[in-house]
Amino acid sequence: MREISFAQALDEAVAEEMRRDDRVIMLGTDFTGDPLKEFGPARVRYTPISESVLTGMALGAGACGFRPIVNWRMVTFSFVAMDQIVNQASKIRYMFGGQADFPVTYRCTTGGGSGSAAQHSQSPYSMWMHLAGLKIILPATPADAKGLLKSAIRDNNPVVSFECSRLNAVVGAVPEGDHVVPLGVARVARAGTDVTVVGLAYYLQEALKTADEMARDGISVEVIDPRTLVPLDVETIRASVRKTGRLVVVDEAPPTCSAASEIAALIAEDAATFGALRAPIQRVCAVAVPVPYSPPLENAALPDRARIAAAIRRVLDAAPVPA
Amino acid sequence: MTPNRSELIEMLRKMILIREFDELAIRLRTEGKIYGAIHPYVGQEAIAVGVCAGLASADRITSTHRGHGHCIAKGADIRRMMAELFGRVDGYCRGKGGSMHIADFSVGMLGANGIVGAGLPIAAGAALALQLDGKSNVAVCFFGDGAVAEGEFHEALNISSLWTLPLVFVCENNQYGANNPVAAQHRVTDVVAHAGGYGMVGQSVDGNDVLAVHRVAREALDRARGGEGPSLVECKTYRWHFHAMRQTPPPETRPADEIAEWKRRDPIARLVSDLKARGLLSESDLERMHRQVQTDLREAVAFAEASPFPDPKDILADMFAA
Amino acid sequence: MREISFAQALDEAVAEEMRRDDRVIMLGTDFTGDPLKEFGPARVRYTPISESVLTGMALGAGACGFRPIVNWRMVTFSFVAMDQIVNQASKIRYMFGGQADFPVTYRCTTGGGSGSAAQHSQSPYSMWMHLAGLKIILPATPADAKGLLKSAIRDNNPVVSFECSRLNAVVGAVPEGDHVVPLGVARVARAGTDVTVVGLAYYLQEALKTADEMARDGISVEVIDPRTLVPLDVETIRASVRKTGRLVVVDEAPPTCSAASEIAALIAEDAATFGALRAPIQRVCAVAVPVPYSPPLENAALPDRARIAAAIRRVLDAAPVPA
Amino acid sequence: MTPNRSELIEMLRKMILIREFDELAIRLRTEGKIYGAIHPYVGQEAIAVGVCAGLASADRITSTHRGHGHCIAKGADIRRMMAELFGRVDGYCRGKGGSMHIADFSVGMLGANGIVGAGLPIAAGAALALQLDGKSNVAVCFFGDGAVAEGEFHEALNISSLWTLPLVFVCENNQYGANNPVAAQHRVTDVVAHAGGYGMVGQSVDGNDVLAVHRVAREALDRARGGEGPSLVECKTYRWHFHAMRQTPPPETRPADEIAEWKRRDPIARLVSDLKARGLLSESDLERMHRQVQTDLREAVAFAEASPFPDPKDILADMFAA
């Protein structure tokens, strides 16, 4: 299969959906590639730096028959638009009794690891997950980047696409043609028996590498990629934990009230899964600080393979695999 | 294009209906048949009616927390409005929204809004869609003098003007944002002063004169339909009642003589005397109209009361579109 | 001891701190009581409806020697100011290497139960908890309302005070004089042995009433009030769970990535506490919908004593108390 | 109050220092000694210097993502700035902030800011504090033409004017927000057109003429100190380089003749020839100044390189004040 980068996969998804449906329009202060050339200025709208009005405009245009894609660029910049997200986008359909659909896609980049300091290194998906009413995708591979973003654009609800910057250059196999990945279906990225590791975005890749390394020591790690955070395919995660009895969740957001917390809670509250749990659930997250600029501090703040491996060893030490 | 007699009569009827709807809503809220907070539109009727008389059903509006008047003016059904206030399944939002979230997308009313200023971006988005559709439809955005202090006011005016969107910004300057007089919110109390900064036509009008509002709005709507972009229309008006009530109306904090002065400028009385002077309305026409309004409101209440409360089992309905 | 309402306790806290330190100023579109009379318009500032600028101004004024209290009123309205909260308030001290202090208090009301519909019935504290860099208080009694808010105003960091509207009329004993409650110390509101219930804000009261009811059936419920969400006194909660072996967390926010999720995760990840856990952890939260307006739907959306009791029975059924 | 010779010479020195600092920063970023993104201020030096020459240390400023020039103009130490860019413990933020978050509270520089528009509210808060202190100090807020589209621009101007805060809004209109020309952001490309809506004095000035900037800023500062409230000063200028770079400078997208035209209007060359014409500067003065700037920059780099990286153990330091 051909291989393309995560960034190219995202661009392809948008271009294909723009071709497929001329009600798809895009708004943002900048775009990758040259969509203007193919789709023209009516549909490709370079905007002033006014994220709040863009975010609300997408809802208005969505209710009037268009399918806007708003590119906030960094998730950082979406916070000036938070009212439109929290008080409008996430509530508008339910609050109005389902009178209208709001087929809007909000895109943004997330994550640290590039010396960009606190404001420009955020991964706050859990703040959006907490809101009832938004769907959320978090691709970790080029194939999913394309397939999930296409599903998001076709979805008739506001969907937020969190796109991890550190994955942009990652290259992987992506099927030709109309590759669509449904929302709400997790993927067992690597099968294993001793411990379940849920890895989000960039940290899926790190979890897989850690699993490779630990396989050499005879430790069998099952790695799961949730792919969408809302809806979250909790059953795939629970089934894995019922098998392995151990769970480690890895993400670069700080731990408090994070997606990792949520996954931990979903495991701990389910009777059958709780009953199968043989060790404490471990979260491997960022240190709870604004991501610092200086490389040694940034490295200390963010998770790495050593911390993932240590967490895996902790849960195995707590309840050793019978020989 | 001045309105003809039947149009004028319909404007008057809607103004009376809006007033009586909200006077009734106050009583029903006091009796506990309505929940949460309500914000009566009484005193401002000329604005919603004057503007919406220039709109077709395919034109869109966005509204505010004080939205009942805009709903009625845009053609919403008062029975389904009342059912919504009563929290019933036949309400516009199936009981999920209440006073601050009434919407009727079928008549182009894209929703009241509990967030000051939040309707402006949504209206700009509707205007963008209408511009792309290219059928000369327009969007209108109602908002208060208080909303002018929010950043979204500025962002919406800026981008709409930049993109020549078919949009009319209608500021209902009722002299207060909650209990704060407009001079405690803005150094320049004429909101229209902002228009120039955006290269936009701005016009100020007596918001208690429905014909003046209609004329100015019509000009702005024509500009929007003709591809000349958005306008800022400031309507000076006054609310007769409190800002908001829950169980009971709160005490009045505004000067009594100010209230009295504005009540003398009653927009309904003004239209009535104007129509009478022009021989377009008789006292018995007026009485008949009042009776009809009361009948309609009684029916609306009966409709609402007959409608069941939502079934708690349906709590997840309407969450996500298929 | 004298009894006053939750609302009065909050007003007292502010008035006393304004008297104590003339660098304390307040900004908002409205205030309870008549602070203007005592403190004058220089310190009591009625503002335009511009939450974003107020939120940022407090940081600027805070850095220049004042101690601003910003009253957003409903938490709903703070979302228009979210950029100043997320990208400035929570990061500004750390990001600048501790050069300056930002002694700012942000106040807002939270919660549903009053027929106010989706936008005006929110309890999104977990979104703030996720940010590293803010302290957060969540009083559940009049005494704590006064004591915690006073601590917040004296604290040299941005502190967010979430004040549950349904508690406003609750009356309780509040010590005379300078009653201060330190941040980060939970309270065992009722001692018990069979199950630990953590109740937040209004749901502390409901948890206590449920505990009373269940005591009649011989069930001994320990009820804990965290009082501050950041810093969170996790040790008090863990100690209780190590004793009872069972945990129920009650709050009116929706469950996903909530404070309840965080408490569940903190219990499930601690080896000693996990080892003592005898039943799955239960979260009793709102249904994950925007809070609906109509009373039957709103009641169905929000937790109540029946749901709290059912959760308690579930954890007891999972692991019955030895006779 | 026109600046005397030593003040003029100091203005020139700072302009040269700013330019050379950022030219050096570009090289150091390319070499990987600096991390993240940098936004050079080259071409805009007259604004920071012209404005800050009117400020005392107790006056406060807020800055933007393009903040090195403001730091230097306000009196920050380039050694600690460089150490911050190098991510070292002796940097202003102990290595936690980097280019977009340099601050020096001790000289009244309240911080660069990675969020477009976010400095305006903070400056307004500083101005409120200074007003309450009553010592005639002022705050200055620097921001770009792009920031004008953000809601916070509007909110800050509105409340500052309403409260007569001692504040000067300095818009650096460098014709682009990132790659978007100002005409793609605003219908009216003169930002100063907004002043009237707030009842504020607005003045436009050639941002490449440091003496003109200084004169206009001084007037605005005097108004602010005198209790006449805020002003909006728009400085027309141009950045010589790319918007931002990470590993390598991005390709230029602006028209070559536009760049050439603006480079002909080099603010430093202009001041040099002016001072020479007035006999206040000789060629050897200028050479000495250039040498001194290079020496200072070399020292700054040496200082930065000698400073250790932060210890990962200190990751939690500075999180909360005692």
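The letters A, B, C and D name the chains in turn, as written, and every chain counts its residues from 1.
Here is the rule we go by: a contact is a pair of C-beta atoms (placed from the backbone, for glycine too) under 8 Å apart; a residue touches a chain by one contact, two chains touch by 3 or more.
The shown structure was predicted, so the numbers you read here are calculated from the model rather than taken from an experiment.
Q: Determine, using the mean of C-alpha atoms as each chain's centre, which chain is farthest from subunit A.
A: Between subunit A and every other chain, the largest centroid distance is to B.
Q: So, what's the distance in Å between the C-alpha centres of subunit C and subunit A?
A: About 29 Å, centre to centre.
Q: Could you put a whole-Å number on the gap between the CA centroids of subunit B and subunit D?
A: Here the centre of subunit D sits 45 Å away from the centre of subunit B.
Q: When the centre of a chain is set as the mean of its C-alpha atoms, what distance in Å lies between subunit A and subunit B?
A: One centre to the other, that is 41 Å.
Q: Which parts of subunit B, given as residue numbers and ranges, touch two or more other chains?
A: 91, 93, 95-97, 101, 114-115, 149-152, 155, 158-159, 162, 184-186, 319
Q: Among the residues of subunit A, which ones contact at least 2 other chains?
A: Expected reply: 48, 50, 52, 76, 80, 83, 87, 94-95, 117-119, 132-133, 289-290, 292.
Q: What's the contact topology between the chains, one of line, ring, star, complete, other?
A: complete
Q: Which stretch or stretches of subunit C touch subunit B in the complex?
A: 29-30, 46, 48-50, 52, 76-77, 80, 114-120, 287, 289-290, 292-297, 299-301
Q: Which stretch or stretches of subunit A touch subunit C in the complex?
A: Touching subunit C from subunit A are residues 52, 76, 79-80, 82-83, 85-87, 90-91, 94-95, 117-119, 122, 124, 126-127, 129-133, 230, 253-262, 264-265, 267-271, 274-275, 279-283, 288-290, 292, 318.
Q: For subunit A, which residues are in contact with subunit B within the complex?
A: 25, 42-43, 45, 47-48, 50, 52-66, 68, 83-84, 87-88, 92-103, 132-133, 135, 155-157
Q: Under the definition above, what is the set of subunit D residues touching subunit B in their complex?
A: Touching subunit B: residues 148-155, 158-159, 161-162, 184-188, 193-200 of subunit D.
Q: Show which residues of subunit D lie in contact with subunit C when the two form their complex.
A: 60, 62, 91-97, 101, 103-106, 110-111, 113-115, 118, 120-130, 132-133, 139, 151-152, 155-156, 158-159, 162-163, 317-322
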